[in-house]
Structure formats: structure tokens, C-alpha cells
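In the two complexes below, subunit A is the common chain; its partner is subunit B in one and subunit C in the other.
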Partner chain A sequence: MDVLSVIFSQLLIGLYRGSIYWLIAAGLTLIFGVLRVVNFAQATLLVLGGYTAYAIYQATSNWVLALVMTPLLVGAIGLAIEVTLLKPIYKIDNTYQLLMTFAVVLILNDVTKVIWGKAPVSIPLPDMLKGSVKLSGFNISLYILIVILIGFLIFISVIYIINRTMWGLRVRAIWRKREIAEALGIKTTTLYSAVFFLGSLFSGLGGALMAMFSPMVPGLGDYLIVYAFIVTVIAGLGNLLGAYISSIIIGVLESVFTYYLPEIDLLLIYLIMAVVLLIKPQGIFGER
Partner chain B sequence: MVDSNRRSTIKLLVAGGVGLVIGLAGGYALAPEKLREVVKETTVTVTAPSTQTSSSVSRRLSKDKIKIGVLGIRSGVWATYGTFIEQGARLAADEINESGGIMGSKIELVIRDEAADVIKQARELVDQEKVDFIVGVDSSGNAMKLGPLMPELNRILIVTHAATQRLTEELVFKQGIKHIFRVSVPTYQDGILAAWVAKDLPIKKWAGINPDYEYGRVSWEFFKNTLKALRPDVEFVSEQWNPSPGTTDFSKWIGAVMGTDAEGIFTSNWAGEALTFHKQALELGLYNKVKAVINPLGYSMDVAYGLGKDYPKAQYGTWVSGRYVWFYPPTPINKRFVDAFVNKWGKLPPYSAETTYTAIYLLKGAIENAVTLDFDQLVKTIENMVILSPAGARWIRPEDHQAVYEVPYGKVSSNTTNVGGAVPLLENIKVLPAYMYYRNPPDYGAPLLAQA
Partner chain C sequence: MNWRVKQPETVLLFSVYILTALLPLTSDPYYIYLGALFMIISLFSISYNILFGNAGLLSFGHALFFAGGAYTYALFTINVLKDPLLGLFVSILISLLLSLVIGVLTLRHTKIYFSMLTLAFGMLFYALLIKWRDITGGSDGLSGLSRSGILINLSNPVARYYFIFLVFLVTSLFLYYIHRSQLGLLIKSLGVNEDYLPYTGHSVFKIRMLANVIAGTVAGTAGSLYAILNGAVTPDLAYWTTNAEPLVAALIGGPKYFVGPLLGSLIYVAITAYAAKIADLWQFVLGTILVALILGSRGGLIELVRRIWKRS
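Take a look at the complex of A and B:
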């Protein structure tokens, strides 16, 4: 088999995995940029999204409904978490907010265990997405293509909202200099809640998409968050363009390493992160 | 002077008397179990409650109750397997108790979660629960931890699932730990017999996607080495290792294999991970690209029920097996067992239910033959024992205490049967005599590799 087709098949799977990482990293980056909180629960919200989608599908057998409702529900749950658990402690040191999000991870893990049990659950892949598309001689799973496409659309929309709308301008203002933005009359509290809602919504969407392909198990988020952190560390915390590009890079590299160096594929990802941190501690796309 | 002398003499006498009493009591307590009544005849063991399992009814053991500790994984992603072990153990214990117990003594099961520190659980079973025997153990890692402890616990352990060949080859044969027996097939089934199946397929290029721990590594090694000896023309084009437990997304490994020109896939993933693997392999198009898939534990009942009629079928077959498959052999003993199991639990029996069921009947048979609970005599009795079990005749090989019996491989068929859910049937059943694929003591070298 020629090198080109190997790279092509690995590239697609890598793009798929990268797109899932991106849906976690997007929320992580947004929330860190605006709230200055490293949200440990970002991947746990994705898993919660998977379970929520599963529950909706169980009740209605309608995967489109699950795909639409889940992000909104998880967004609402995220909003509730922000308002009840984070808002009261914004005044004290950021470390406590980070600890609080870690508490959320533990709580959500156990809540999913109580509600859905320990056995893996998943949504059967809808027949509509089961097919494959022929692209220059290769059969590509339709599902994989759709996930890649949705990831890309989310990226475009977020960039558009942040850079081209009035609301985005306010977000950027806080992102840059919080005190000055507040002095200019921008309501930070509502904006914080809105950003947290949006970040949780992306995780929910990721979870609903993922549950159609790979099963959800309690604690899956603990493993995914590590990848999302690697992505954001390489990108530089708080950089959306960087987060998207580095999600894709990590996803693809992971696949390529698995093909060429299966014995040490996991190690290599950490090695890349270590090298980036040593050479450019603020991340490839980071400022400062 | 005289007075004190007399006093010390009395003291001495009293002390001696007390010592004697303690000694007697201790000696009595430590004395081997004895029978209350005398033996009349020897027995033939059949794992059926209705059939006459022992020809003498007047014999009794010194205990009214025989306690059996049952270890299985009861928490985490493999928790279903602990349930399977429990179901088999309960069925056997209930059948035996309803038909008079073991020589009049009832069986009492004490079930523990081996995932919650197997050593601690085993110690508690022996020290607090005072069990007479331990059966079960799902994980190879746990079996290797528990094995070396058995002489200290001074109990017989009958392993009914853990598959690493090291348990019997190293712990029993090389280190001489006589306390361990195994009634389930070891990795010979998963690696070596799988290669015999692969040999007859028109496939030259194989790839492996295996769980990254002892069981997965050993199975793949056995498969590769045996197949290479049987078919020198085959190539192994890719070796992938997924973390286990914990893999929910196989895409990168499936993708890596699809990037090669592999025509056949060998995967020793099992339980939920096998289920996920087959689904994702189908969805990513691996099943269209490769011509055959071999999954040694692919006919474990959780996987078979989980995939049902949608179990993916490769062009030259998806070949699967277990440590027992419910339809083989078609004997009255097996049929009765399957019926009883379905009756009690509503589904077809998973393999570890059968192995645990058999383990308990094996203990019954051994006690009835030895007519004692004495450790040395029981070990001697079980060595070389033959038991007619649901999975067929099992012979307990005396050198390494491994049960020798045969389990077939088969091709997943598009026909299903419905017993509490749809289960695909198997076709093109392949059975090989055990001597052709079991590794044998003393050297455990390559088993007979007769050229086909």
C-alpha cells in the first residue's frame, strides 16, 4: 500500500479525533480567556453530554433531537454550575475556582454512575450516517466526515462571534483588560455566565456526537481532559485559533504515531508537549 | 523450705495439667477432618443433580456445611464477569443442596469482589468466613497475585476464568504450588488454536489489535508463532496495542491497520471492548477491507448478546470462541445444564458460569471420592480426575493441574436464536484434539505442529 493512502486514512481519523478534542478545548480556552478559570470539568461535561444524548435517544429514539437538545441541556447545566458554585468565589484567588471545577468533576462522575450505572452506554449509529463517501478512490465514513465538518463550523462561528460581533467585542475587552472593561460599563457577571454556557454547550455537542461512535463510561472525562490540556498548553492558553490548529495537529500526530511507532505513540504526544514547553513556555500561539 | 518445695511441686503439677489440656485441645482442633460414618463405595461423578452422583447415601462429612469462597470481578467495566461466575456457582450450589448436598453437607457460598484487593478478600474468606475452598478469579493479574499465597492460606483454589498459562505452567508445575487447579482453558485456546483456524483461511497478511497487558500480549505471541510454524508464507504487517481496561474509541488503531494491506485481523479484546471494537471496525469500514477477523473471546455471551444479529461478518468469516460455548458438545449433560441455566437466569450460559459450575461439581466429586476434607488427599484425588461436565469430559492433568478439554471455534452466522435476546449462531465449527494445541509439561515447548 502506498504512502499516500496510508497518510490519507490516518489523516481522516486524526481529524476526527482532533475535532472531538477541539470541542473540549474550545470551551476550555473561552472560559480561561474570559473567566481566568481552568475548567477541569470541561471533558466531564462532554461525557455528561454523551449520557444526556443517550437518555434522550432512549426516551424518543430520535437522534436528531438528541443532537439538538443535548448541547442546550449541558449548556444549561454548565450555567447552573457557574452561577451556584463559581460565582460566589470569584472574589478570592483563582486557585479556589480551579479546585471547585475539580469538585464538579468528582460530583458529575458519581452522578453519572448513580443514574446510568457503571456499564458502558452508547447510541447506535443512525442508519443515515452509516454510509461512506467515495473520495478519490477512498471510502470515508460519513459519520467521521460530519464530525470533522461540525468541528470546523463551530470553529468558524466562534471566530466570527468573537471577532465580528458587538458581544464578541465585549468578550475581547474582558479578555484583554478586565478592569478597564468593567470601568467602561461592561457587565462582567452576565458575560461570564454566557461564556460558561457557550463553553458547556460545545462540550455537550461533542458528547452527543461521540456517543454515536464510542461508548460512554463514568470517568471517561478524566482521560479526555488530559488530551485537551495538552492541546491548550501547546496552543497557548486562551487562544482559539491556536486551540483549533493544535487540536487537529495532536489528533493527526496521534494517528500517524500509532501507525509508524505503535509501541510509543502515547509517549510521543507528551514529548511534544514537553518540547513546546521548554522552547516556548507560553505555547506556540501564545502571547506575552 | 519443705513448704515452698511442696508448693512448687503442686504448681508444677497444675501447670503440667493445664499444658496437657491445652495440648489436647490444640491437637484435637488441628487434627484432620474425620468422617462420622464409614465409607461404603466409590463414586462416579456426573454434573447432574437428578442423575445419581454418588452411589452411597449413608456417608456424612464431619461438617454440616461446606463453605466455598467465590471470587469474581464485581465492580468496574468487567463487573458482568463477576455476575457470570456467581450465576454458575449459585446454580451448582442450589442443585447440589436440593439433592442432598455433598454427602449430606450443604454448600454455602461466600461471594467477594476480587477487584477490591484480591489478597485482602482471599484472606478474609479464609480467616473470617472460614471457607473450605476458593473458586473463581477473572483476572490473570489477580490469579498470579493470589496463587503464591495459597500455601499460606492452605486451601484449594480452583480458577475458572483467568487464562494466563503462567498460572499452571509456572506456579503449579515449576514452583510446585499444589493448591491451584484450573478448570477453564488457558491462553492456548486464544493464541494457539486461533492460529490453527487462521491456517486454513486464504489469507497471507495478518494484523493484530490487542489489549495492552499480559493476556493480549501472550495471545498475540502464541498466535504469531504458531501460525508462522503452520504457514511459513504468512506475514504480520501491523501490531497495535490498545490500553485495557479503558479503551472506548478504537479509531486510531483501526485506522492504523486500515493503512496497511492486512487481509486478516486478530484481536484478543474481550467483554465491552470486544463489542466496541466490532462496532467501530464495521462503522469505519474495516470489515469491508479485511477478509477475516479472529476474536478468541468473541463468543462470550455478553458480546454475542450485545451484537446480536448485527454481529459483523467478514468475507471469510468472523471467527470466535470462548472457554465454553453453550451448544457444544451436544450431550445430554450439556443440554440439561443449558436448560437449567436458562430456566434460572433467563439467558444462555456464559463460559465462566459453566466453568464455575463445573468447579463446584468437581469439588463435590473429589470430596465424595476422597471421603475427607483433608487437603493432601483431596489434591491427590483431583489430580488425574475426569469429570463429565457441560463442556465435555475434562481431565485434570496431574503435572500442572490444568483441565484438558476442547472448545470449538466457529464462524459467526447470520442465523440467530432467541433466548432472552438474539444470539448469532456459529457455523463451520472447528474442533481440534486438545493434544494438538495444549502446551505440555515438562518443557512446554511448541505443541505438536503436524503439517496439514
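Take a look at the complex of A and C:
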């Protein structure tokens, strides 16, 4: 029983981590699929979201407001970045767009450090969410459950929007062949901005959710983005279904490794990434 | 290969040699340190630019070779034999082997897959340095490295400076020679259009591998010099963000020119020296420079100067 409950709680922590990775990977995948840009700033935007949520909570002591406002604010910041920095360079080599998002990482890292300092900050978990749920003898933290649920809901809605709506059809058209989509009268530049807004919004949501559970520190984004890369690389760049599944897998594997093999946990995660890339560069689920 | 003085790049290169050779005359220990740092960053950036600016490969794992060279020096002088010269030679040898192995594993992929794969191996190496605490010292790294030994003694900062200068001189001349040789042209053709390269009868993989081995070995050499200069190594050297250093230096100067990364490193080190006061804004400054260069002048400063030159 004891061993079982340990495994179960590690599994849940893994699902929580995986859900956070997914919220980064979702934006990364959408933006890569549509814009063909690998957005290095995706996790930095999540950290910015965590700090933004913290600031809103500090000012209003209202965590619901923080949770609702943060994604919109970070989405708006992402949109501003896309319009001012990326739009002028879409016509040139992809490498420069990647470098531009890297420059954004460097700038945002220091901006958050200057505004909020180097010390870790977090939002205290509201009493309402502190409880736990009993499920066939196991205690599950309510908050972890909520984060996992939100991650799953985002997954379902993204899949629905992309596969079932008119807007999603336009996105898929660009995804498949940009020139033809343009020839059919789809406004690619507006769609690019919309997708970048959506991707940043997911990051903002992830940041706000994470800030209530684990502290934000400067440079956290540099660390998280590597995990998001591992996830998207294993999934296959631009594959949403694969990104969700591999986020969960990596999250769970990471928490299992950290618990049972703390001496080599980091090594194993990077090894998995390297091996998948070597054997199947298009990812396990294939590129879309 | 010709050494025509008319070639502006040759003139610039030799001006840098003369200036760095004369720098210790200032007898200011801080400037001597910065000068040595400049030469090390230069080698690191020029080697990075062989892949980035010439072969068109964006690597996020080049720091692996730099850290590899630095740690080889540290481990060799601690565990095997105390001597800077032998330490340097062993580092160069290990870097050569390391770049061969990593090259075999990563070079079959291009574009974003190459970038991701080099990132994976770079971080794998970082994780190894962090986790193998007994040997590597974990996150503290290794310090108090020996700079004197049976063959040479580099305890004196000026002696250390000229040792680094000598390695810098020989290595950069070698790289300049390659840059202007047929091999250099072949490497550059990879960046322009690698589909056409096989028509010349050369194998794309082989040229890419040669570029990678040269770049990796020189980065390892620079890393070894870094260990000699600072007397300490830390695992941060292998962290993926370390790749920003040579990347930004190459972009500042101009990735299409041999002396581009060299000039970029000069500006980079100069900013570092002044930014000591604003250390918290260091990344901000770098990022802003990157944004300005990408939007304004993708050819770097050299391209900017040439554009202004032509207009007047």
C-alpha cells in the first residue's frame, strides 16, 4: 500500500509537470506549425506570466482575477512582440526569426529580474484550492487535479478549434501550404498574429497556474524551454496530439526518475531526446 | 592562397595581432586580463562562425566543446600531470575526438533538427558535469587549477598572456588559411546551397564533418585557454545559453566575414568590461543589440560600414 501510494503521488506530480510542459509545447507547436518559427521565448513568456499573476495578486489579493487577466496580458505582450519584431523579417531566412525570439528571451529575462528581483516569488495557494480529493483510498491534492484538468481542457479545445472550426480550417490550410492558402484569399499575416497571441496566451495561463504551486525565479524559462523542446521533438515538430501525449510522458518519466534515480535523472531525460532525434528526427508521432 | 596586403581582412587581422601583442605594455592587470579574454572569445566565436556563418548550421551545442576543452584541462592537470602545455595538448586531442563523435551523431540532420540535436547533446554534457560530482565537482566546478608545471610556468599574468597570444596567433592564422583555401570555399558553399555541392564531386557529409571537427577542436582549444586564464571551470560553460556568446559576437561583427567574429568579440568584451556595473542588465544589453542587428544590419558592423562607405 505504501509503495503504491508513493508511485501514485509521483504519477500525479508527473501529470502536473506534464500539463505545464504541455501549455508551453502547445504554443510552441502552433507557432511552429503556422509561422514556421521555433519560438525560444515560449517558456520565458510562461515565467513572465507567473510574475504577472504575482503582481496582479499583490495589487488586488484576488487570485481569480490574476488567473483570468494574466493569459490575456501575456497574449497581448506576445502579440506586440510578433507585430514589432517578427513581422518585419518573415520574408528572410527562418534562422533570423529563431534568433529574434532568442533575443526576446535575453531581454525578458533581465526585465523580469529588474522588476521583481532575483528572489523566488509565488502566490499562496488559496484556501479554497488547498483541499484534497479522496479517490479509492488515495489522497489527491485538489490543485494538482485542477491543473491537470485545465491542461486537458486546453488540449481538447485546441484540437476542436483546429479541426472543427472555419478558423481552424484556415490555420490548417496555412499549415499545409502557405502559398496556396494565400492564393485562396486567406489573410496570412492576421492569422500569424492571432496564432502568436493564442500561443502566448497558453504560456500566460501556464505561468499563472504554476505560480500558485511552485515559485518563479529568473532564468526558469531557460530551463523550461529545454523540456518543451524535448517534448516537441519527441512528438514531432508541429504535431498537437503528439505534443500533449509526449508532454505527459516526459512529465511522468521526469518525476519517476527524480524519485528513483536522482543521480542520473537529468541525464536520462536528455538521453531520451537525443536518442529519439537520432532514430526518428521527425518525432515519434511524425511532423504535421 | 595569397597574402596580398590589399585584402582589407588581412590588414584588419594583422592590426589585431599587433595591438594584442603590444597590450601588456600598459602593464595594467585588468587590461591584460581583458585582452586575454578577448583572444579566447575570439577563437570561440571564429570557430562557431565556421558552422553558423559559413556552413549554415545553427548549433546550440558548441558550448559542449568549449566546456569539454576547459574540463579536460582541469581534469588532466588535477589528476594526471601538472603542466599547462601538456594540458593544452591533451585538451586539443580530446576535443578533436569529441567533435568527431558528436559530428557522426548530429551532422546527418540540418536546419532545426541539427539545432535541436546539438542542444540535446550539449545539455546531456551539462547534466553529466552536474551529476558526476566525484570527478567534475558538480555545480561548483573545479577551481585552483595549476598553471605551472614541468615544461612551462604560467603563474605570471604576462607570461600567461603571451602563452594565450601565441596559441591565438597560430590558431587564427590556421583558420584564416583554411577560410581562404579550397576547403573554406567548399564549407561556404554548404551555407549557400548544399544541393549543388555534390556536383563538384565532394561529399556533403565529409565537408560538414571537416567543418565540425575544425570548429569543435578550436572551441576546445579556446576552452582550455579559458581554464588556464581563470584557473577555474564551472558547468555553466556547457549550459545552452553559453552559445549566445559566440553567436552574438559573430552577428555583431558580421557572420559572412572571417574577421567579423573577431571584431564582434572585441565589442563583446568591451561591453562586458563596462557592463560590470550593470551586470544585472547584461542579457538585456545583448538582446537589444541582437534585435537591432537583425532588424537593421544582418551583415553585422562590417556590412554597415561598407554600406555607409559606398554611399559617401
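To be clear about the criterion, the second predicted complex is superposed on the first by the 281 of 288 C-alpha atoms of A that agree within 3 Å, B and C clash if a C-alpha of one lies under 4 Å from a C-alpha of the other, contacts with A are read in each partner's own complex, and residues count from 1 in each chain.
Throughout what follows, a residue touches a chain if its C-beta (ideal position, glycine included) is under 8 Å from a C-beta of that chain, and two chains touch if they have at least 3 such contacts.
Keep in mind that what you see is a predicted model, and the values were worked out from it rather than measured.
S.K.: Assess the superposed three-chain arrangement around subunit A: do subunit B and subunit C clash, or do they fit?
M.R.: Once both complexes are aligned on subunit A, subunit B and subunit C fit side by side.
S.K.: Determine, under the contact definition given at the top, whether A:I264 touches first (subunit B), second (subunit C), both, or neither.
M.R.: After superposition on chain A, A:I264 lies in contact with subunit C alone.
S.K.: Just checking: does A:T188 make contact with subunit B only, subunit C only, both, or neither of them? Give me first, second, both or neither.
M.R.: It touches nothing on subunit B or subunit C.
S.K.: At the CA centre of subunit A, how far apart in angle are the CA centres of subunit B and subunit C, to the nearest 10 degrees?
M.R.: 60
S.K.: Does the superposition put A:S9 against subunit B (first), subunit C (second), both, or neither?
M.R.: first
S.K.: For A:I92, select first, second, both or neither according to whether it touches subunit B, subunit C, the two together, or no partner.
M.R.: A:I92: touches subunit C, not subunit B.
S.K.: Based on the superposed arrangement, let me know which partner A:V226 touches: subunit B (first), subunit C (second), both, or neither?
M.R.: Touch status of A:V226: second partner only.
S.K.: With both complexes superposed on chain A, which partner does A:L106 reach: first (subunit B), second (subunit C), both or neither?
M.R.: Touch partner of A:L106: subunit C, not subunit B.
S.K.: Subunit B and subunit C, closest CA-CA distance after overlay, in Å?
M.R.: Closest C-alpha pair between subunit B and subunit C: 6 Å.
S.K.: Is there a shared patch on subunit A that both subunit B and subunit C touch, and which residues make it up?
M.R.: 263
S.K.: Under the definition above, what is the set of subunit B residues touching subunit A in their complex?
M.R.: Subunit B reaches subunit A through residues 75-77, 79-80, 238-241, 246, 248-256, 258-261, 272, 276, 279-280, 283-285, 288.
S.K.: Tell me, which parts of subunit A touch subunit C in their complex?
M.R.: 38, 85, 88-89, 92, 94-96, 98-100, 102-107, 109-111, 113-114, 222, 226, 229-230, 233, 237, 263-264, 266-267, 269-271, 273-274, 277-278, 281
S.K.: Where on subunit A does subunit B make contact in their complex?
M.R.: Within the complex, subunit A contacts subunit B at residues 1, 5-7, 9-10, 12-14, 16-17, 118-120, 122, 125, 130, 132, 139, 141, 143-144, 210, 213-217, 220, 223, 254-255, 258-259, 262-263, 265.
S.K.: How about subunit C: which of its residues touch subunit A in the complex?
M.R.: Touching subunit A: residues 58, 105, 109, 111-113, 115-117, 119-121, 123-124, 127-128, 130-131, 239-241, 244, 247, 251, 280-284, 286-288, 290-291, 294-295, 298 of subunit C.
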